[in-house]
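One chain, chain A, links the two complexes that follow: it is found with chain B in the first and with chain C in the second.
Then we have the complex of A and B:
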């Protein structure tokens, strides 16, 4: 297994604040890795560090075999980043912005013009090609930022919240283009706090919190391992007492209980088919209004790891 | 993609801003020209020497200064708006990026001042000569040096809108402490000796006086031309290291 990115105690401090704290992470080549985490969890800092836009405070990283501190230029030749806030030249037109970007990566005319035209059309920006960057809508500017990576596909493409400000159709368009880029051999790292984006794109997901990677795995493994195999939502006619919670906690197969509201408990269980008959037997006399069994969504995993709600067991 | 080619492309982007405000530039050139003709020609008739030949180089140099600083201001905006972070992600070295910004300021100043020179001197018979045109490369050196000053201002002005305030201050000090608008004998009569030396070696004084000599068909002093080149080169290098420091700071702190 070869790795596009390997970090070694990668740390970034701003004064006393540690934006990234001794991160050790490996990202496989030619895969889509999604970094999921709330605002301020260190995702953007990580992308800026491995694209050499920022310099680490401590530690280092190897990007496609090059050191981000000592071999910045070699890294920059192979990596391109679509920033969270579009970084355009305000008075330039989209076609000039893409043309400049392509030329910086050595794409020559007349091929460059053809690629720029094709990319603008693919990202549905052709009708706005003669508008100034400052006159584009937020969604258009964001699509243009992402489109930069397609005029000269890099070996490592970094996308920071690529569909923020983009409408629903636009999101699907950008996601499909990202998958297409991956199929063409690029390694992709996407930072997002949109769970749906992570579910759609990721080969593997790394969850960030407070400048650290909390967990890395495939979506299915995360679902299996983080909080049991299934989620059982129990809704009661009356608020669940501590006695009821205690009964549930003692049922074999109970992994965790989250109080969604006083009448609604979300129970993580290993296997719902084994757990449920025992639970029904133990909870005789308790007025249960409804029982729903679901697989844990990435939302559940994300919320459980990053933002635990009131846990009662 | 060679570093030189990448440097040229960034320079072109910087300069393109200069030309995208073409109506503003045209207005400024027109204002400067009308200033030259009205003040220069009228005062010539009021004085016992050719004030036009004295005054026009002053306006040319002041215009060059303003244009070079304007390109520097665009770089400052880029720093504030995160465009510099985009540049830092591109396959261009820090040295290349720093030099590209100075080069673009130098070219901006040169283009603006050359237009003024050619138009103003063409208007008065005999002033546009080979010796005045031969000054253009030296004007480029000075303009690059002024690009270096823009870098120094970028380093010290930080974020926000302090660039203009700093730029105006530096412009007033450097133009005021020069012979761009006042002849050296007049300065010597009111300034202490050490200030007079600084004024005499100010590259703006040197280039303005060299332009006056060229316009008057007087022989150009090679000492003066060497001083212009060396002092401009010094300003350029200081500016280069200032931009390097600015970009290193952006890489360290994520902002200026």
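Then we have the complex of A and C:
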């Protein structure tokens, strides 16, 4: 498997504060990796380091085979970033901003004008193409920031909270465009603290906390990793006896049992897909009316993983 | 060198710099007012300098160049805090090339702003010749590169704090302008002031500009010395700026 990004003890310090602390992470090529973490967990610093906007205090990283300290220019030719809070071009118009961005990646006229027009339309910014940046709404400015990545698709696209300030329709538009970019072959890294965004986009999720990566896995593996994270609601035709409760307690993966009412048990289990066939086998002869499974949300996973660490810190 | 990318960035920056032509027009009006009203009054009082009216007008052009150089530095620092700098730093151009682009931007803005004042001084003084015009522009460009390089280099050092940068530039501006020949010749200064002025490159720039225009050179600093100082300033600050930009510039978390 090839990696678009590999970091080696990547560290960024501001005085005594370590914004990123000896990070060692690998991100697969042509996938969408979502970095999830609370504010100040080091996600943005990580994106700024691998886009060479910041210099590491210690360690380094390889981006698409180039070193971010020694081969900055080669890295910048292959990477583009959509920043968290797009600002600084107050008097420019969206069409000029996109045209400029494309020209910086070598897209020439007349092709450039066509690409800019198409991109503005795709991101529903065509009607605002002649407005000054300072007159755009927060959501429009954010969509414009993301749109920059589409006028010359980079091999590695970095997006920092791409849908912050964007309304619900806009969020779906941006997410679908990000997926489209991935399908066209770009490796995507999205930093967010929006769990829904992570669920929608991620091939893999890395959870950040206090400048370190805490865990990396697929969403389904992360869900499975939460002990007792799946909740199985069992409704019986008759009140569940203590014998039934005892059978359930002995099934591997059972973490807790709550009696909602005499005919309804709520069982917390690890990996319901393994637990349920065993439960059905063990409960043969017991009349079960319904089974309802609720998987843990990414919120639950996030809180399970991040909160205990924060409280320890 | 990424010529295409740098010229694209330069055009983008120029579009922003001249987005509002109001301030360009304002700077010309300011010059006219200062030159014709204040200059004519003060020149009747100053009798020790022959043709002080044009001596003063040339000083105003140097002052304008100095202000534009300060603007370039301030723009760089503001860009760092507004988020413009980190975007530029993410683009496929070298840090040194970016510094050179900023320098070119400052020089172009300076030329556009000082061209009408220079023409007014040359035409009204009756000293306009193709040679005086070209050599005047050459001196202004050299001076602009020198001051611009200095200001942008300073901004690179202080760009993490706008307050520090503003304080340094305010102090430096006060010293460089007062201890110079922008408004008065070195012969009118006492020994202490004159010594300080002789170590100030702006003084050499102002006097070289007056020589290029063709004003009475009896009160001016030595031409070859002034040329050497200006060239050294321009080349030195270019290297300094490229060094700082390459070694130290990085994105700043926008405020």
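As a working rule, the second predicted complex is superposed on the first by the 241 of 313 C-alpha atoms of A that agree within 3 Å, B and C clash if a C-alpha of one lies under 4 Å from a C-alpha of the other, contacts with A are read in each partner's own complex, and residues count from 1 in each chain.
Everything below uses one rule, namely that contacts are C-beta pairs under 8 Å (C-beta built on N, C-alpha and C of every residue); 3 or more make two chains touch, one makes a residue touch a chain.
Given the structure is predicted, the values throughout are model-derived calculations rather than measurements.
Chain B and chain C, once both complexes are superposed via chain A, clash. Touch criterion met: A:83 reaches chain B and chain C at once.
By the document's definition of touching, neither partner reaches A:168: not chain B, not chain C. In the superposed pair of complexes, A:1 makes contact with neither chain B nor chain C. Of the two partner chains, both chain B and chain C are touched by A:53.
Chain A uses residues 48, 51-55, 72-73, 76-77, 79-81, 83, 85, 87-89, 91-92, 100, 103-106 to touch chain B in one structure and chain C in the other.
The touching residues of chain A, when paired with chain B in their complex, are 14, 48, 51-55, 72-73, 76-77, 79-81, 83, 85, 87-92, 100, 103-106. Listed in rising order, the residues of chain B touching chain A in the complex are 1, 6, 9, 13, 16-17, 20, 81-83, 85-86, 88-93, 248, 251-254. Touching chain A in their complex are the following residues of chain C: 4-5, 8-9, 12, 15-16, 19-20, 79, 82-87, 89-94, 250-251, 254.
If you check the complex, the residues on chain A that touch chain C are 48, 51-55, 72-73, 76-77, 79-81, 83, 85-89, 91-92, 96, 100, 103-106.
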